[in-house]
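Before we start, here is the structure in question, set down as structure tokens.
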Amino acid sequence: MLEVLMYGAIAALISGTVLPLLYRSKNTRKASFGLSLISSVLLLGFAGAILYTGKEPVFPAIRYLPGLDFTLAADRLAAGFILLIAAVVPGVSIYSIEYVEHAKSEARKNLQAALTNLFILAMLMVVLAGNMVGFLIFWEIMSLSSLLLVLHDYSSEENKKAGFFYFVMTNISTAFLFLGFIILFRLTGSAEFGPLEYSASELALPFLFLFIGFGVKAGLVPFHKWLPYAHPAAPSSVSALMSGVMLKVAVYGFLRFLLSVSTPELWWGVLIITAGSLSALFGVIYALKENDIKRLLAYSSIENIGIIFTGIGLYVIFRVEGLESLALLSLAGSCFHAFNHALFKSLLFLCAGSIVHATGTRKIEAFGGLVKSMPATSALFMVGSVSIAALPPTNGFAGELLLYQAFFQSFAVTNPLLTVFLIIALSSFALTGALAAALFVKLFGITCLAMPRSEKSSLAKEVPKHMLIGPAIPAALCILGGLFSKQLLSLAGWEIEFPDLLLLGLLLGLIYAALFLIIRSKETSPARISETWGCGIPTLAPYMEYSSAGFSEPLVMIFKNIYRTKIVHRAEYFDRQESLFRNGNVEIRLLRFFEEYLYIPPARAIESFSKYVSKLQNGKLDSYVLYAFLAVIVLIIATGGFV
Amino acid sequence: MNISFLLFALLNPLFALLAAPLYMALIRKVKAYAQGRRGPKLFQVYYDLRKLMQKEAVYSPTSSWIMRFTPYLNLSTLLVCSLFVPLVFVPEPAGGLGNIIVFLYLLALERFFTALGGLDAGSAFGGMGSSRSMSLAAVIEPTMVISFAALAFVLKSLNLHQMFALTAGTVLPISPTLVLVSISLFIILIVETGRLPVDNPATHLELTMINEAMILEQTGKNLALLELAHALKQFLLMGILINTILPVGLSTEIDAGKIAVSALLFLLKAGLLAIIIGLFESALAKMRLFRLPAFYVMAFFFSALTILIEVFA
Amino acid sequence: MIDPLFLEGIIKILFVFVLISAGLIISTRNLSSVLTTYTIQSFLLAAVSFLLYLIDGKSQLLLLAGLTLASKVILIPYFISRIEEKIKIGRDLHFAYLEPTPSLLLSIGLILLSYTFLSKVFEGLPLTKLFFFGAVIGLSLTLMGMLVMFSRKKVVTKALGYLSMENGVLMFGLFVTELPFIIEVLIIIDLVILVMLTTILAVGMDSSIEEYRQKFRKLQVWTGVESQ
Amino acid sequence: MIRYYLLIMGIFLALGLIPKSHRLMNALAAGNGMLHLIMSCVALLTFDLPGRLGESLYLDHLNLYVELITALGFSAAAFYAKGYTDSLMEAGELDPKNLKTFYLAFNLLLVTATVALFSDNLALFWIFAELTTVCAAMLVAILSARENIDAALKYVFIVSGAMLFAFLGLIFLFTLSEQTLGEGTLNWTELAVHASEFSPALLLASFTFMFIGFGAKAGVAPFHTWLPDAYARAPSVSAILSGLMQNLGIYGIIRMYALLRESSAAPQASSILIAAGVFSIALASFSMLQQRNLKRLIAFSSVEHMGLLLIGIGIGTPLALFWTLFYMLVHVLVKETLLFSAGILHRQYRSNMREDMKDVFKLQPRAAWGLILGSIAIVGMPPFPLFPAKFFILLESAAISPYLTLIVLLTLILAAASFANFLLKAFSKVTVEEEENEEEDHRQITRTLAGTGEIELENVIVKAGREKDRLPGQYMVRNGMRVPAIFMLALALALGFYFPDSLRDLLNAIILELGYV
């Protein structure tokens, strides 16, 4: 029965992929997104049933390669992530029905619909894959389909760069996964994911490789740079899927490995937490300075992935220290946070897509006043902002609460050095949370409140209804997921001491209602409308408002060591001796630390080396024969040496 | 949920709501005396609130529902918060109320919407206040969390109710490290309530104000609600500090007499604390905004030290 | 019958001459001299083959000698000299990477390399001294031919370098007479085809004839693309 | 038997000289390819393998498999050649007088390659492999432009020069067998039986020399230098054929390594192969990164894949060899797709350079997608079957050292990045704004007219209209050029989803016959 649901979902997604490729029309696109919607409903049933009953479905192995079958498997972990997919997809599908129509040509619209389905399918199959080869295959398809989606507007220079960068990073990720899996395969002699009862030293290498591989895909610092490039380039619905689901698929892969290891070591946990905390902190700090709404959200994804990995790291540390209940708590926390992030990040990206669509720009400084012109979108955006700022009683808070609980009790570890480490990690975690709140006050406040800051923004209109229903689904889930978090956790089988947020939410609501009614009933005089006080200036103008850059200025000052600036000169001359100046510019800009010290130098080195190598192929027969001659000599000497 | 809790749920918020403005006034009075003035009457605060309640609200045409929504939300949040902090007697815990992290984040919720409210009218003052408030809150957050973590670690619970059940009945702090935590808590109290040297609640100068700037556009009963919420916040934080360092008199049983005594004792202790705050404020000058993180680090240091000492001991 | 030892002595002397001819090919600038040197080298090869026949008495060697004489001493040189006339260039003045003197020094190194390598490889095998010598000369001749191929500019000279490599291989092969005769014949045929092809193509490359230039210009589509 | 074959083929080729019409010549070439394809299939199905035909023809699974790949590639190329050469002649690049030579060399190449593959005697293999070089060089030089001649000369000089070393290796081997068996032999079957008795030192020396020759034939770095020039200059068809000849080199190396595997020199031979493989991959990847010429890019990618094949052979385990053999097949399929598509683009833009390509999706959408999908396949991404092949080869390579695997993987990233870089830069230049409305209008007309009976007429008119407003400068792709590309890609894709049992049995049989397991 369960299997049928899954096959149905897969079939729906496949037909959703194929259909728009066959015939270009609006109806096929609609049908395609409808199919993905259907598939998500089926998936919901499938994953829910597994999580509830704990029964694992049995899929027959599919013959694939000699000596290697293609198997599907869904345990509770997989079911959890399938649930995550099923939760994000409906909103995105409904949203896309309208959103995809803004693409430039019919061909691209259909391609986008098909690829979106393929992308969802690939992510689903990665989670379902029963062995490493299947996992890698769909992992690659997932990367590829998302790459093509990122490149939907391929002619723009910026997108091209983003696409290339994404491609390279995703390849690096796959390469390390390849390596990690290959070593595991050699160790166990099978491609299946199974318990790894080996000593930690044997697993150290695969652990490192897989950590890097999944870390790149998840966007951990310092492998995170592709995110802020790829997200602005991709259509918003795809960003929602990428940020909401794809990053979590990487988390899933990492968990799948980690949970099968029976004896992890302490340094694993320390490494994971370090990377996680740094990601969280850098993610949010860079986001604060960002002026591009989608890039800001991308940085915020880095932050949240950092939080998830911090939880995973805590899990490892507690496992090593033998604190099983805390280990469970932190694992539950990071899984739950992964789930929540999927919801509110997809919600935010969808809203951002609507806003960008309505205003025609991605610059936060150009928005403003949308709460009046786009009330529904703004309300949804508000829900997303509150959730991501981890405010009660939303789901974002529930996830972080679990992690906080784990952290607060973590000082039970006996190792004093570890305690110091945990204190540092906790404070960085807290700082991240508060900065995120500041970030989303800025984002929501500057985007939606006050007066429109540009003409584009003042002309904005509310988006069509599909683009409202779409994000409304994750928005509702965000609130419900927060309110019913305790119930959800116990449904998922985690018996954890956890405050009842439903009670809290009810209390809040009741008191609010009571207050409101009491005060309203006593109201004597109606409210009056009057100009904002502007220190005597008669009319307020948009340029007087606090700007996005101004808002983050205090934090920029406080973290000025991180936001270092760089002065860049560019000059052109008429002559080679550089004495006759033609034109040039000087630019003071933010130092992109990771980019300029970590990415560009090796890229430059590879580039210049490749130039050098290319020169070897100089088209001259003389040189070619010389190479061959040298090679012959070397081979003769080598053979002589061997003999 | 049991009787004791229901009783607590009724009494504690009511007590807090009624007593909170008094201490705003008390601190003001202490400061006035320190400056050689007599200052307004203690109950002036209540008169002010009543007057504001009766006044109409004035809204800017640029503002939106955020501005109308925020005051109610803030007060209701703080009222929920008051369920978390047992002031005069500790009930049987129920429904996870009292969770210290939830408490922290309820404060964050209040701050979040206040800041949005500041941005809503579109005036530069509001924006400035929001920006500063959120920035400083971000910087203080690690300190707060570590302090509360230290508190939780020393008192071996995540729930304020359970913590205070532990401290109740003792005269002196049950662990010497609690003194260290208390110093941190005191600093947090100063910061969170927007007092000198962080913020000056008494001025309306754009260079200095943080909290006042955010609510500059609020008028009438909305302003009253916000003021009340602010006072409540201060009172609750004071309550945590008092019940940590000087829990004497905190009752754990439902007994009208005992509760009355304990309430009276609490009012006295809070009065003492308010005087200390007032004196502390008078003794210090406003710090430059960007010097503040150094101030917070002090609190951070004490809390981290607490955890380390507890671990080593 | 002549004393085999005496014949072996002569063969060894011929080996030395072969090496000298290889050196000359490396360093001579005049195209026709290079060709002549090659012809002499091939002739020496034929002579070695003949002498070996006198020692072993295997008729294949005689045939091989005849075949070498016909193809390498007569046919190929004739063909190449015709080409040289046609393309109207007599000299190959420029050297790539190596001037004649370092080339010659390097050749000595190559001979040493072949010697050490082969002595290691053949260690412990019951082989005649003459075979070993032939192998060393053959391998070094092959390597020296390669040296010619990369250090000379004109395609015709390169072709001669290739032929000289081929001579080295043949020299080696002479001592392995059991190799089926048919294969030797096929190798020669292959060689002839290859030489004809390369030299015809070389006309296209080395030619200074105006008509070719024009032809190339007409086909600019395929050019002007690569920037090298 | 070999004589009969050569005789028949000789007659066949002579027949090929008679017809004057291009169509007929092309049909003959295609027929030739199909004939070989069918013959090898029949041989595979009916013969008792391994077996002999006459004195010198030896048939086993390996050479039939390689022949199958070769004949498949030839047949596809023959179909493609018609349209392509037509267009070359239209543009005045190919002299119609040379057409006959072209097809002669085309057919001859297949015949010589076939004889080379099936000859038991290594020397015969050597000679015919040499002859394939000659034929392929003729095909490269067919345009008789200076650049083509240059490329052909490089091909001949480098490959033939290196092949001379292979002959030295043969002489070593012969001497060795003479010393051990009393009577010299170069018959592979006999050598295989006695390989373990041979002196490892001499066997290794002979392997090294043969590796030089066959490696040059296969395009292994640093003997690969002829390959990019030949690919870039030669017409696509010729490039495909010389590409097919690379498999011949790999075939020789597989055979030689199988000999070596029996002796104690196997580890040394493995290290040579793996070192050369890694070197090839690295060099090719770095050369690809800055490549602006599409065909050169494809050529270097060939070098890279040869490197991977060498590693697969050098690992020396049955599993590695199994996937290496599979890799050979898929590589040919995908490489041909790429070259076919690149050829179409070359006819469109008259250039292989990335700067010259514009509006690709508008002008040649199918070729563009062919290139994109081909690139995805060639960099080893699923669902294309190079992916599992790569996985298993690398899996086996990790047994030698995980760091070897790491290096290979990292350099493969470079190769993938090069393709991405090229495609992104070449395909993203848009000058014409895409106008979809027009097309929709056409559809509107047909839709409204549906059911009136005049629909067909209208369709014709619409079509004719479209034909007329074909974009300026759009190259009309002949079906004969499109079909083989699609066919090859579809075949590759199908192999990615379904691995036929018969193929598995065939590959296992090869491994068994080579003495693995």
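Per-chain numbering from 1; labels A, B, C and D assigned in written order.
The rule we apply is simple: contacts are C-beta pairs under 8 Å (C-beta built on N, C-alpha and C of every residue); 3 or more make two chains touch, one makes a residue touch a chain.
Please read these numbers as outputs of a predicted model, since none were measured by experiment.
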item	value
Graph distance between subunit B and subunit C, where chains that touch are linked	2
Farthest chain (mean CA position) relative to subunit D	B
Chain closest to the assembly centre - both centres taken as Cα means	A
Subunit B and subunit D: spacing of chain centres that average the CA atoms, whole Å	77
Euclidean distance of C-alpha centroids - subunit A vs subunit D, Å	41
Between subunit A and subunit C, centroid-to-centroid distance (C-alpha), Å	67
Distance between chain centroids, defined by C-alpha means - subunit C, subunit D (Å)	32
In subunit A, residues with contacts to at least two other chains	619, 621, 623-625, 628, 632, 636, 639, 643
Junction residues of subunit D - those touching two or more other chains	150, 153, 157, 161, 165, 201, 205
Subunit B: positions in contact with at least two other chains	none
Set of all touching chain pairs, with the criterion as stated earlier	A-B, A-C, A-D, C-D
Residue ranges of subunit A touching subunit D (in the complex, touch as defined)	64-68, 104-107, 133, 136-138, 140-141, 144, 151, 154-155, 160, 163-164, 167-168, 171-172, 175-176, 178-179, 182-183, 185-186, 205, 606-607, 609-611, 613-614, 616-617, 619, 621, 623-625, 627-628, 630-632, 635-636, 638-639, 642-643
Partner subunit A, residues of subunit C touching it in the complex	96-97, 113, 116-117, 120-121, 123, 143, 146-147, 149-151, 153, 155, 158, 226, 228
Subunit C-touching residues of subunit D, taken from the complex the two chains share	91-93, 121, 123-124, 127, 130-131, 134, 137-138, 141, 143-150, 152-153, 156-157, 160-161, 164-165, 167-168, 171-172, 174-175, 178-179, 183-184, 186, 199, 201-202, 205, 232-233, 293, 350-353
Subunit A partner contacts - residues on subunit D that touch it in the complex	150, 153-154, 157-158, 161-162, 165, 201, 204-205, 208, 211-212, 216, 222-223, 225-226, 228-229, 265, 268, 271-272, 283, 286-287, 289-291, 296, 319, 322, 376, 381-383, 387-388, 391, 394-395, 398-399, 402, 405-406, 409-410, 412-414, 416-417, 420-421, 424-425, 427-430, 434, 436, 439-440, 499, 504
Parts of subunit B lying in touch with subunit A, wherever the complex brings them together	53-66, 72-73, 75-77, 79-80, 83, 95-97, 99-102, 105-106, 108-109, 111-112, 115-116, 119-128, 130-132, 134-146, 148-149, 152-153, 158, 216-217, 220-221, 225, 289-290, 293, 300, 304, 307-308, 310-312
